[in-house]
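Both complexes shown next keep subunit A, but they swap its partner, so subunit B is in the first and subunit C is in the second.
After this line comes the complex of A and B, so read on.
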């Protein structure tokens, strides 16, 4: 159990994945833009450099809360990772763990808002407000899209959803609309490029994280990268579960390939789409994504019974 | 206490390596003509791809390691330059980009100009040129990284 929590598929494996995914992501974006991109050790160098820098805070900021918030975000993501299987290996599982994972994955959005709220600065507060508005736009379609596979398989446990796909076929094949919506929701959740409204550099400097430096910034970046990894692993489990088609190949490389494919989707989206305005995102979320997600759930009820 | 010193000695090469491989820059124009700013933008475009060296342009002073200054320091921007420099967390470095930033250039002696950026903040690397080419900026930054201990 301790091995599962600390090494595989727990903390150390996730740390490694966070670095690898960060590098692959930046490298793919660079290739899309016709450049070479950073060397393979770049995320490690960034992560070592940041804690060795001075830890500054503006006057009037509660130091305890500022130190606790990034840790809380990281802890929520790591706790969620306990229930997300990696190639069939999972540290803990029970009926209903999907709901717990979704709840834990939405906690970082709250800490991100609070980080902007406690920082005494216009850009931070503006970024925090934008992050909350964005949260209300993407979270509902994302939750409904992720509930699709659960409705289809008649179970709220990630392991049973994976097992259901082993009997039938990939979730993404049965509910392509739900998969697309889940990817869009994930982009919003991770504040990645087309939906990086809360931390848009040319508008609000770095959003909530403007006033953070040193080891707190390193923790924020790590929690963001780990959230990317856990979110992608969750989508792989829900929409590309083990299928009979791949039975000949060992599970682990196939799982890695699926995860990297979803990362490629995210990198493509950030390379080809420009940033949306916050009102455009609210429009998109409530007028288009949410009704489509509802449609997918109704269809799933029809198929799954 | 000795263990702490020994640990610091042991970690020093790793920390130095990380600092040399991950310099994040902040760009501030303290009153120039915009020529050098365009060259800095050039440097950050895909054609020159400074992300190969780990260089990222950050928007917040709190995230930056190197302050890229352009233009001479005018009396109006002196306090802002000082504020931005003070907001950056230690250890930090300053690179003066362009002739005006190095010495005041053609604006030297003007009633509203203090002179080069070294009148206000300590400068670690001077990159002359009017405006300096992106190759010169990359070369200057690479030499600045070699100086990092």
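After this line comes the complex of A and C, so read on.
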């Protein structure tokens, strides 16, 4: 149990994945843009470098809260990871763990908003507001899209959803619309290009995290990178679970390949779109994504029910 | 809702040069804006009176870090008019060739900055990659990527061999292909249009009232271009289109600039084809006869005007520079009224600010 929790598929593995995914992501994006991209050790070097930098905060900021927020975000992501299976191996599982994971994965959004709120600076406050607005735009379609596989398989346990796909076929094949919506929702959740509205450099400098530096910034970045990994693993489980066709191959490399494919999708989206405005995202979320997600759920009820 | 003041500048990731905007923001809505200039004022006009005409060329080249050549061209043009010399036509062609290359470089650089500001990093990388081609050409011709130091009163200081002309034509063909790809992105990409359409709109009437020049004016339907309206050699012998759009928003400005880039590539090609033989400069006197002159050229950002007064010595009595950015800057407060906070970056990019030009 302790091995599962701390080493595989637990924290150490997740830390490794966070660095690898960050590097692969930057490298893919660089290739799309006609650049070379950083060497493999760049994310590790960044992570080592940041804590050696001076850790400053503006006057009037509650230092305890500022230190606690990135830890809280990281803790939420790590706790969520406990329930997300990696290639069929999972530390803990119970009926309804999908709901817990979704809740834990939305906690970082709250801490991110609070980070902006306590930071005093105008860019941080604007970024914090934006992150909350963005949360309301992407979260509903995302939750509905992720609920789709649960409705289809009749279970709120990730392990059962994976098992259900082994009997039928991939979730992405049965509900392609739901998969696309989940990816869009994940982009919004991770505040990645083109939905990096709360931290748009040319508008609000660095959003909520403008005033953070040193160790705290390193923790924030780590929690973001881990959130990317956990989010991608979750989508792999829900939409590309075990399949009869791949039984002959070893589970772990296949899982990794699936996860990297979703990362490729995310990198492609960053490369080919300009950043949306917050009102355009709200329009997109409520006028297009949410009704489509509803449609997918109704279809799932029709198929599964 | 509470109002907060958001400072953009003098240092901000959005800005490439120091200028300051104080935006009063309610939520995401900008209600008021105040602008402050002068962070890069270097007193160049005054310095001009202390230096000889020859020294002034090198000083004026440093007004701008992008369109440096067009400044010296305008200055030399004015001084040559005072001297009453006629330039060899090869010199005029070479001067204009570098002006057009500079326009391509300036517009591509600008597209990259706009793309970066709307979070479209891929186009930023591509535009700046293509801009390298132009910089390489310019370095090859003059020895400098940005400051060329090729203009002298009475001509230019570089020449072009026939071999070089052929390779240059080939480089230009490759460049045109790349620019057409970027043009296609501007015309068809949905998210880019979502960010730039109906943003920073200026009506034709506002354009006239503020005396706006250059691509910003042409994007609002004002059909002005000195190269065509007041043709000097070699432009009188060349054929080119002046792209004009009616929309008046940032998207139209983007399109106008990209179409102009294509036209500039055509112009370069024509000039290389028609390049007359002969000397590239002529000897002139160091003392300039007393008198005054207004010299105008079409810079990448619009019309640049030099007023030069001479008292008969080897130093000018007065040099006054009116850069296009100065007239275009004045429209910013009205463009920034009632916009979304996220549109500020688009509006500020849209006018193609060159603060160093405006402050001098």
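List of remarks:
Operating definition for what follows: the second predicted complex is superposed on the first by the 305 of 305 C-alpha atoms of A that agree within 3 Å, B and C clash if a C-alpha of one lies under 4 Å from a C-alpha of the other, contacts with A are read in each partner's own complex, and residues count from 1 in each chain.
Going forward, a residue touches a chain if its C-beta (ideal position, glycine included) is under 8 Å from a C-beta of that chain, and two chains touch if they have at least 3 such contacts.
Model, not experiment: these values are computed from the prediction.
In the superposition on chain A, A:276 makes contact with subunit C only, while subunit B stays out of contact range.
In the superposition on chain A, A:135 makes contact with neither subunit B nor subunit C. Contacts of A:125 after superposition: subunit C is touched, whereas subunit B is not reached.
Contact with both subunit B and subunit C is seen for A:205 once the two complexes are overlaid on the shared chain.
Looking at the shared chain after the overlay, A:217 reaches subunit B, while subunit C stays out of its contact range.
In the superposition on chain A, A:113 makes contact with neither subunit B nor subunit C. Of the two partner chains placed by the overlay, only subunit B lies in contact with A:52; subunit C stays clear of it.
In the superposed model, A:34 makes contact with both subunit B and subunit C. Contacts of A:197 after superposition: subunit C is touched, whereas subunit B is not reached. The intersection of subunit A residues touching subunit B with those touching subunit C, taken from the two complexes, comprises 33-35, 123, 201-202, 205.
Taken in their complex, subunit C has these residues touching subunit A: 4-7, 12-14, 25, 27-28, 115-122, 125-126, 129, 189, 191-192, 194-195, 340-345. The part of subunit A that touches subunit B in the complex is made up of residues 26, 30, 33-39, 41-42, 44-46, 48-49, 52-56, 123, 201-202, 205-206, 209-214, 217. The touching residues of subunit A, counted against subunit C in their complex, run 29, 32-35, 122-123, 125-126, 129-130, 193-194, 196-197, 200-205, 270-280. Remark: subunit B residues 14-15, 17-19, 21-22, 46-47, 49, 51-52, 54, 58-60, 62-63, 65, 87, 89-91 touch subunit A in the complex.
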